[in-house]
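What follows is a group of structures, each given as structure tokens.
You will see subunit A twice below: alongside subunit B first, and alongside subunit C after that.
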Partner chain A sequence: MEQEAPVGVNEDVGDAKPGFSRIAPAVGPLLVLAPLAALPLFGPGPNTVRLLFVTLTLVTASVGWNLLGGFAGQISFGFAVFYGLGAYTAALSINAGIPPVVSFLMGAAVASVASLLIGLPTFRLKGPYFAIATIGVSEAVRVVMMNVPWTGGASGYRIVEKGRFFQMHHYYTALGLAALAVGISIIVRRSKLGLALTAIREDQDAASDLGVNPFATKLLIHALAAALAGAAGGVYARYAAYIDPDGVFAFRNGIAILLMPIIGGVGTIWGPVIGAFVYGLIHEEVVANFPQAHLLIFGSLLILIILFEPAGVVGLSNKLMRVLGRERKD
Partner chain B sequence: MSAADLLNLFIAAVLLAGVYAAMSVGMTIIYGVMKIVNLAHAGFLMLGAYFVFEAYDRFHIDPLVGVLLAFPVFFFLGMGLHWLLIRRIATSDQPTLTSLLLLFGVWLVLQNLGYLIWGNSDRAILTPRTLSSFEIGPISFPTVRLVVFGAAVLSLVGLELVLHRTWFGRSVRALMQNNEAGQIVGVNVQRTAQVAFGVGIAFAGAAGGLLAMLYSFSPDFGATFQLRAFVIIVLGGLESFGGVAVGSLVLALAETFSILVLPASFQPAIAFSLLVLALIILPDGVAGLWNKRRRWV
Partner chain C sequence: MPPILSVDRISKYFAGLAAVKDVTFDVEPGGIYGLIGPNGAGKTTLLSIIAGSLRPTGGAVMFAGNDLTRKRSFGAARAGVVRTHQIPRPFRSLTVLENVEVGLRFGHGSHTSHAPQAAMQLLERVGLANSSRRLSALLSVGDLKRLELARCLAAQPNVLLCDEVCSGLTEAESAQVLDLLCDIRRSGTTILYVEHNLKAIMKVCDRVIVMNYGQKLAEGPPQQVQVDPAVIEAYIGRPTGN
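And then the complex of A and B:
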């Protein structure tokens, strides 16, 4: 990959840098993964494990969203569709006796195909069409799923698995998937595809002048992002053992998946992960303490972040580091 | 299905189209002048509905007068929102990520405020007009729909006059056609954008009031209508007022006649299907088709 970054592209697109900065990306994941992988040593209660499990599925969906929304700059409000389709596909296949891992893959595949159906009509056009279409799509799919008889319609669908229930087994599945998602995100960021996505985000016309096919690139990254969200939905469905359209296809899931990368830092590798942990941990508290006002809180948070710190937690900590670094020099 | 029934359906569709046009026109103005997709539209539709409801419930103000009052109230609300938030974000000739997310946040806040103030039970405005209708031969006209249609058309005519007879209207049209050229000839962009945002929100509030006369509502109420408004302005080519009228008619016809072939529970999916169809067949909207024809001639 011996090519120069096009002029005007952000400087931190992960091109070859010598020394520490080459190793750092590998150290970061280990620092995050190690305590999470060694979780049983801390002897957590089932509720903590459940909370972490849910947070890790959110991490996967959030990292997926960031591939499209952060790297390519295409805002989607409809990731609940992929999450829900993944959940339903995995649920149906597990009940048909297909091994769980294959079921998750099938969930991811179905979500990818669905992403093409949304992307094909909307990505060809510039402008707000994609974002607008994604608002409608989760509502339309939810309505259809409420009325489809073979998945139980509005009354939901139950997953029956033989054998005992091991919570840690589910936990490690979610952890593995989240690690895979972050790995994919790092690879995409450092590849030619990542450069193409940044170019599209900054200026689609210029990107296509440089030989990037915006339409195909956006379709590809949308499919990849949808696959991650679909797999996350599948893992969640197997754990929950019961899903219904109002649960997995709800518009608020789409909001949550979009909010997490924004809290953490859009377009960065670790922003969506941090955002998902912040969201996952405060969401329960907020819903428990202010059940009437949690949308108000998250909406205000969104407005404040957009107005004052569009780069989220990552941007804030970068600023802090810069201030600290300056003081040390003095 | 007799010819009279078909005619009844057709009239229902046309009456519905009037309200749809009033509901979408605010979004077109804001998009045209500022290239912002107003995701908070749904929130203001909902607030408008409750405004008219409260005016009727507490002060026994006729809902039609309530709608008239909603215009100035929501106009200043919109100007205030622009002053508080919207003017702080950069705009360009494309809707930016920032503007989408900001207004989405505003929508979440408004929706939640609705829940806090009014709870989540459904409300409805019931007047003596609500259930009455009159008949001409085999065709029946529900009175309230006729009244709402009349109010919607009147407000659209008023807007048309403002846009074509005033300096503000001329600046709005200039900015919609070409933002930079507008600036060069001396249009105050910030000022026009603020007033245009106010007008857009005023129409959202008033249209919410009109919709409240036809349907029951809850704080969740605006969402499905917001999607319809999107579909309509996309069908209309995003920035054309004539396009809004055509788009409203197309959507209203599709929704009304779909009950002949689809179960009613699928109706909310129709708007979305129409959106996808429109994007594939007519990416520039109905107005684009019209422009293309003109280019050939």
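And then the complex of A and C:
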């Protein structure tokens, strides 16, 4: 897996080896994708496939959040809005007879448009004010959706698809989308846009003084991030065949989408992926075993990570690699 | 020769308090203009207004015939007016080279190709080539000042606004930075230089504007300004007569 410098690590960036640096970007995706793509060979049970499916949709949403929160430093608690809008758009489209893939794209498009409407006023705010505004928007949208009659209101909305249900089709759709999300994240990170996002995260005013338009750049990345979250919501909705505002628009979803990159390593390529797998795989166990205390457990986890390892699992593994490298030199 | 930069009756009030009041001056192309004054004179506020970081309460800033007054700082930078900061503000998680690339890719010139090579040439010019792959967070104050200049030069400004680039530097480092400013001027860039250090100003500036209590107090060549009684009074005070 490609070594990444987490935010705030003070170290020299050594000379990359030219041969390895060319193939390095492909190593990580292949190591992750190959076993996941070969999953049917191991004959997993439907519950394992379901768990991995949900985890992969979380990967997509989490990678999307990381584009805005990690790369640009704009902490949003409102990604459940895009996830939910994507889910409802895809659900309505599928019921209208539109092919699923087109429905997912429509979900992504609606989420992107919503992100622009939300971003136009909220990106005039900075730091904690922006974060607080996204909480308000998230709750407002949930309450509105509870009262929209043509999507079933609080009772929810059912998707009726003709034909047999193939769980692996859903699984591969989620896997493909997650791979696309990671690919987009890698491209953004290495692009001119990625440079602008890092500059904005580090010092928005200084970036603007050098010609970066912070407002337009944040709107653009917000739209891209929302599209990924919306598509993830759409893929989830088709699998679940039933969605309701308290499920897809829930504030806890917004927290979960934010928590995953923090667990894995915010602002890195692989942090959100690792975080989504950690969260996705342990979440159900924690909820099942501690139904009254699971939020307390995740909240405590969040505090511990921020206090002791803000760079998450990726930061921890980088530290370990450095220690091992130093020992090898000695 | 028409001025490249015109500051026309610029005022800035903060809650009724005048930080800058009716300041007017022209900057001709190719020179180094000094902007001096005691603490709180309004120099940095005026610089921020010209750079688009602050909106003036009144007045206009014209650059090469275009009105910059309502432009934000990225608009001013893209037009060709770029500022340095008194306290360097590096992008700490980026390397020195990447910091310079931000200016190259988004500034007035907006290079999209060969940015690393062009950035490297600029780092050689300011003497930071050996640190190009270091994280900018690790640089010393002197090197951060030079990085700040390199980043601004990368944006290919027609007018460079320098805010106390020598503050916090040793005498030797200051001399290097002043040589660099002269070199930048020789390459055709006009410089408006805010400085506290009168020695530095007198050494490199073609013309000096003096501010006090937000207003322009005097303007002229350095030799003339430094003997102006109003300027001397602003800097060292009025004799009490005892």
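The criterion applied here is as follows: the second predicted complex is superposed on the first by the 310 of 330 C-alpha atoms of A that agree within 3 Å, B and C clash if a C-alpha of one lies under 4 Å from a C-alpha of the other, contacts with A are read in each partner's own complex, and residues count from 1 in each chain.
The rule is simple: a contact is a pair of C-beta atoms (placed from the backbone, for glycine too) under 8 Å apart; a residue touches a chain by one contact, two chains touch by 3 or more.
Note that the structure is predicted; figures quoted are calculated from it, not measured.
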Quick check on the superposed pair: does A:P128 touch subunit B, subunit C, both, or neither? Answer first, second, both or neither. first
First (subunit B), second (subunit C), both or neither: which does A:G183 touch? neither
Touched subunit A residues, subunit B compared with subunit C: B
With the two complexes superposed on chain A, say which partner A:P40 touches: subunit B (first), subunit C (second), both, or neither. neither
Looking at A:L296 after the superposition, I want to know if it touches subunit B, subunit C, both of them or none. Which is it: first, second, both, neither? first
Which of the two partners, first being subunit B and second being subunit C, lies in contact with A:V212: first, second, both, or neither? second
Quick check for you: in the superposed arrangement, does A:L195 touch first (subunit B), second (subunit C), both or neither? second
Looking at the overlay, does A:V137 come into contact with subunit B only (first), subunit C only (second), both, or neither? first
Between subunit B (first) and subunit C (second), which, if any, makes contact with A:I262: first, second, both or neither? first
Complex contact set, residues of subunit C against subunit A: 51, 53, 72-74, 77-78, 82-83, 85, 89-95, 98, 101-103, 105-108, 110, 112, 133-135, 137-138, 151-152, 154-155
Contacting residues of subunit A [partner subunit C, same complex]: 5, 7-15, 192, 195-196, 198-199, 201-203, 205-214
For a test of understanding, state which residues of subunit A touch subunit B in their complex under the given definition. 69, 73, 75, 77, 121-122, 124-129, 131-133, 135-137, 139-140, 143-144, 146-147, 251, 255, 258, 262, 266, 292-296, 298-303, 306-307, 310
Subunit A partner, complex, touching residues on subunit B are 37, 39, 85, 88-89, 94-95, 97-98, 100-102, 104-109, 111-113, 115-116, 223-224, 226-227, 230-231, 234, 238, 263, 265-266, 268-269, 271-273, 275-276, 279-280, 283
